[in-house]
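Next come two complexes, and both contain chain A; in the first it sits with chain B, in the second with chain C.
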Partner chain A sequence: MNDKDKLKDLIITNFLAIAAGLILSGLMLMLLHINPFTVFGDALHTMFTDKYTMGDVLLKATPLIFTALAFAFTFKANLFNIGAQGQFYMGAIVAIAASLKMDGVVPTPVLLLIVVVLTFVAGGLIGALIGFLKARYNANEFLVSMMSTYVVQALMNYLLRTFLLETKGEYPQTDAISREAWIPTLIPGTRLHWGFVLAVLVAVGVWILLYKTTLGYRIRAVGSNASASEKSGIKSKKVFVIAFFISGALAGMAGFTEINGVQHMLIQDFNTSIGSSGLGIAILANANPIGIIFASILFGALGVIGNLMGRMPGLNIPSSIVDLMQGFVMIFVIVSYFLRAWMANRREKRRLQKVVEK
Partner chain B sequence: MQVPFFEIQGVSKYFAKVIANKDISFSIQKGEVLALLGENGAGKSTIMKILYGLYRADEGKILMDGKEVKITCPKDAMKLGISMIQQHFSLVPAHTVTENIILGNVKGRIDHKKCHEDMKKLADTYGFDVPVDAKVSELDVGVQQKVEILKALYLNARLLIMDEPTAVLTPQESETLMQFVKSYTEKGNSVVFITHKLKEVMEVADRIIVMRNGRVSGNLKKEDTNETELSRLMIGKDLVQPEKDSGPMGDKAKVCLKVEGLTIEKKGEAPLLRDISFNIREGEIFGIAGVSGNGQEELCEAITGSLKPTAGHISLNGEDITGLTVRERIGKGIGYVPVDRHRDGMVMPMTVAENMMLKESFGSKWANHGFIDKKKLNACTQKAIEDYQIKAPGPDARAGGLSGGNQQKVILAREVSVGSELLILNQPTRGLDLGAINNIHTVVLEERKAGKSILLVSTELSEIFEMCDRIAVMYKGSFMGIYRSEELNTEKIGLLMAGYAQEKEAAGNE
Partner chain C sequence: MVVSLLARALMMSTPLLLGSISEVIAERSGMMVTAIEGIFLMGAWGGFVGAYLTGSSFAGILLAMVCGLLMAGVYGFITIHLRQHQVVTGTALNILAAGLCTYLQRVLFGVPVSPLKISPLPKLAIPLLGDIPVIGEIFFRQNILTYLVYLIIPLSYFLLFKTSIGLTIRSTGENPEAVDVAGISVNKVRFLTVLAAGIMGGLAGAFYSVGYLGMFTSGMIGGRGWIAFAICFLGNWNPKGAVIGTLAFGFTEALAIYMQTVGGGSYFPNELFIALPYILTIVLTVARRNFNVPAQLGTPYSKEN
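Our next item is the complex of A and B:
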């Protein structure tokens, strides 16, 4: 079976999985006595015809690309970073703090450049710490990364009540940054900003790093076979730390695009699910950086469709329909992964049997 | 003619991508030792796993005493009196021998005392010297195998299938096993002996089924055949043994590797390596014989740098390399073919080309400013594929998709290029078929001719005798002596492998 067949299989099964997910979501709507066809039709129609809504799809996809890349990157080294949420928070804290400090002091491009570097490093350091604990003390990176999210979240809540508290001092949130510190809009008339372009470029960069450089090569080698890599003079522990630094840094950058691009301030319970969504997207895209771009856009679209449906007058569609749709699609995509393997296996067997009988 | 005990009729089994068995038919008589001979991947184990119920046949049927039987799981097989001893034993290391034997065959409350006595009786019946209350993890492999056999006997097995049973045994232990097989079959039981060693077949079998590429290529009585015919049936062609000359420089050659007093010892544990000293000259193959697990792997890893010795020195071409890292030693020209290629030698999900650069991902050999030079890498890989006759679709083929022999050739190609000074080979032909073994031996002898120093660890005595200039026998982390290859014979080496020291005729090691 060649790669072309495989790609064809991948596209067909993924498409079917998405369709199946939507159909099942539709059935759920029918249980609420809502005609799914008109609702989906309306939502899709709005999405594809309204520039603003379309822009929102990509806007929502932006941070997901980063967190998905974060998970995918360590996944290639056979490590699990499920703390993207915390690394994203760290990035967000640093982004808002730095932006507030420099707001109006330095010109916009300089400010944005400094902030993006700072968020990268901030997320990266959290990641590197996890990697270090893994390498030095053989701590379980799965648990450590998961718990790190709660630590960072607690830190964020603390800062929101103290150093970063708004001037009014009313709610646990920061002041808003001025337009000077915003990421410029990409398409006028939408909320879509240049952060999306950055995300796509970073995804391509990650792909190049993983598949075209010797560092990426070593990360993949250690991930697939740490023992053989060690015997080949590659220090797997060092690779753990590097991989986790980059992974955390990628998640940290989502903090930049969300603060400077969308929210313009930091509030409590900020974007609580982009870490877990990123994880799902990475699995959906089989941890391929380029696939992640498309999978993130799909999830952005599902989110937007769900929101549109929730806002439809007189229907009372619960907003949790978003999670439902994303969940169903995810389940079917994962099932399709096994289905593909089984199909390929069976086809080979059939082919072989035929060859023999001739 | 009597009705055969078991009969396999037209059985076929397909796996994705390979035909494991096609139209296999043969019978097993009562009281017979049947050898199933064939190269790796010929389908010997598969057909026996079908008989034992581990695999389901896609076509064909199995008859017992002339009646068709359905065997869908090992439990069915056991009920019919079939037992199989896998290549990798299925024992629980933390349990005692008795507990292992009764595993799965007792219900409710266990009468330990009775079980215990049963085991003793059983072991005595067959003259097995097995400590029935010892933990399996404390036993030697040879004894563990006896436990496996006892397990089968406990279930009243009348057909015993043994998959490569001698692979882990010393010559003496093999001898004991053969005696057991004879006495067992004299009682009317049958044995199927899966192997790829011709010598064993001629020694133990009554009848021989030869398999090649998933089919039966020969069904012969031992009296009517010989090793040459069997080898031809097995491989499908005649093999030309590589010629070994006297070596380019002999005793006057420069010493390349020098190991002095190498010891690895953790506190409170038996030493893994005990005061090992030897040297290898340029153009010399230094062999290490011994049952696997006696420190050979540790010795190799101490030389390649992944294990730190607690005492002793290693030097290469006069330079002390004891303190260097793995990477630095690779840079000095040490190539290493590890014993477990899946674990230590290859990254299976990666391509052949990517595996070719595994040892040298640092530096500029394969890279430009950190970017992989794909063109150069592919060109070199393509050349290796041609030079070493690796059966691979191309440099971008997944390494894990190649057969074992071809994977080993990829590793060998890489290590020959890395190891410009010293080549360490730890059981390089383990589990490979004769064709691939032949290929690898030819390459190693060519490298010897080119003046490289070669350290060859092997458990196959024929390989040791055929290839090596000098031989050391390893037992429990120590050398039992270093000999010129002509000073040893199978019996002598067997005793040394089992740890019986004899008068050392100090030779070779000045």
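Our next item is the complex of A and C:
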């Protein structure tokens, strides 16, 4: 079977999966006596014609690219980092603390550069700790990374009502940073900022790192067969720590784009579903860094469509329609993995049959 | 004070015990039920809906088990029959469950002016046993789901380690080829254990809505399914271990509440106690060296390889 067939299968099955997910969500809308065609039509029309809304799609995609890359990176080493949410929180904490400290003192480009490096390191250290526990004590990384999110969240809540508490002292949230510390806008008239470009560049960088460098080769080798790669001289323990450091660092950078690019302050229960959506996106894209860019934009679009629906007057569509659409699409995409394998199998059988008949 | 605290800790342990034992049974057959968070949530929702619409807690509990069963059925079908990744499928189903129950809640009840309430399960004092000082108050003045768990703990242990069914389940997780050669379908065993886990997980979810709070909110599970999942690991895939793990969790939770009430918050931040169960899990995961992981945990089975 050649690559062209594979790509064709991939595009067709993914397209069908997304369509099936949306159709099922549309049926759910009918339960509320809402005509899904007009609602989806209106939402799509607004999304594609309104510049501001289109910008929001990419804006929402930005942090998801980072958390999806975070999951995909360790996944290539057959490791599970499902703590991207916590690493994102760590990045967000560091981003807001550093930005508030340097706000108005340090020129914008220098400030942004320092913050991006700090978030990278902050998320990375959480990741590296998980990787270290895995390498040194053979601790189950799935469990440790999952639990780490709750610990970081508790730390964040503590800091929000103590060291990072706003000057007014009313709510558990930080002061807002001034315009000097914002990531500059990419397209005037939208909220879209340069963080999106950064995310795309990082995704390309991750692709190069994974497929064009020795480190990437080692990570993938450990992922496909740990004991064989150990015998060939790859130190798998070192790879665990490095892979987890980079993975955590990627999730940490989402903290940078969300704090300095969108929210400009840190609040309690900040973007609670970024980690799990990132995981879903990584699946959608088969953990391919370039595919992740497109899958993130799809998830961003689903989020925006859901918001648009919620704002339609008189219809009262609940915001949970977003989770519903994302959930259905993910389930069908997973099923499509099976379909692709089945189609490839059948094609191979037919080819063999032809060879035999000759 | 301490007695009521312990009684409360035991009550809060009920769903964790149900969940972790359900996970032990499924994982022994090689299936991680990563949809457990979603199963808990659907169970909580189903329990509330059943109890609210019929006025009977029993109907609620029944519907909760059906919801758990359905979630587990979808999970089992995709992971076992379609051979897809367990972590990945579970994550997708958890996201879907969060959307589904909030959405269906809206479809059924619109936007209610005041929160919808049902009467939570009553505390039943067992005659004689309930009158024993201290012990009676802690163990024998609980609701019916807690009593059910008292039965499930020894039964699940007996099932897994003393019966041929248990042997088959454990062999399926350790050496599926042998089970296959013996003429038993590996996939069928796995599917059945996942369904059983779904029923128990749904029951655990119902504990939060029907058994305890008497209402439903989409955030009411809040990671407790994952805690049950973690306890299964910490308990070394054994119902006995699950009991010890749950008690450790219950203890740290009770300690957190205790510290708050006696004003320990002025020395230690409250968030430290909230994080304590999670930190404890990490420490125990690191400290335990001799884990007894089922050899084929998470790997789909096919005859060809």
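We take it that the second predicted complex is superposed on the first by the 355 of 358 C-alpha atoms of A that agree within 3 Å, B and C clash if a C-alpha of one lies under 4 Å from a C-alpha of the other, contacts with A are read in each partner's own complex, and residues count from 1 in each chain.
As a working rule, a contact is a pair of C-beta atoms (placed from the backbone, for glycine too) under 8 Å apart; a residue touches a chain by one contact, two chains touch by 3 or more.
Note that the structure is predicted; figures quoted are calculated from it, not measured.
Colleague: Based on the shared chain A superposition, would you classify chain B and chain C as clashing or fitting together?
Modeller: Chain B/chain C on chain A - fit side by side.
Colleague: May I ask you to decide whether A:Leu279 touches chain B, chain C, both, or neither, giving the answer as first, second, both or neither?
Modeller: So A:Leu279 only meets chain C here.
Colleague: Roughly how many degrees, to the nearest 10, is the angle at chain A when you join its Cα centre to the Cα centres of chain B and chain C?
Modeller: 70
Colleague: Just to be sure I read the superposition right, which of the two partners does A:Leu27 touch: chain B = first, chain C = second, or both, or neither?
Modeller: It touches nothing on chain B or chain C.
Colleague: Is chain A touched at more residues by chain B or by chain C?
Modeller: Chain A has more residues touched by C than by the other partner.
Colleague: According to the stated criteria, A:Ala19 is in contact with first (chain B), second (chain C), both, or neither; which is it?
Modeller: After superposition on chain A, A:Ala19 lies in contact with neither partner.
Colleague: Which partner chains sit in contact with A:Gly327 here, chain B, chain C, both or neither? Use first/second/both/neither.
Modeller: second
Colleague: Could you tell me if A:Leu143 is touching chain B, chain C, both of them or neither one (first, second, both, neither)?
Modeller: The second partner, chain C, only.
Colleague: Where does A:Ala344 make contact in the superposed view: on chain B (first), on chain C (second), on both, or on neither?
Modeller: first
Colleague: With both complexes overlaid on chain A, what's the closest CA-to-CA approach of chain B to chain C, in Å?
Modeller: Scanning every C-alpha pair, the shortest chain B to chain C distance is 5 Å.
Colleague: Could you tell me which stretches of chain A are touched by chain B in one complex and by chain C in the other?
Modeller: Touching chain B and chain C on chain A: no residues.
Colleague: Tell me, which parts of chain A touch chain B in their complex?
Modeller: Within the complex, chain A touches chain B at residues 212-215, 217-218, 220-221, 224-225, 227-234, 344-346, 348-349, 352-353, 356.
Colleague: Which of the residues in chain C end up touching chain A in this complex?
Modeller: Answer in residue numbers: 74, 78, 82-85, 87-89, 91-100, 102-104, 106-107, 111, 218, 223, 226, 230, 233, 269, 271-272, 274-275, 278-279, 281-282, 285-286, 289, 291.
Colleague: Residue numbers of chain A touching chain C in their complex, please.
Modeller: Spelled out, the residues of chain A in touch with chain C are 28, 31-32, 80, 82, 133, 137-140, 142-144, 146-148, 150-151, 154-155, 157-158, 162, 273, 276-277, 279-280, 283, 316, 318, 320-328, 330-331, 334-335, 337-338.
Colleague: Where on chain B is chain A touching in the complex?
Modeller: Contacts found on chain B: 12, 14-19, 22, 58, 301, 304-306, 325-330, 336, 338, 343-350, 354, 357-359, 361-362, 366-367, 370-372, 374.
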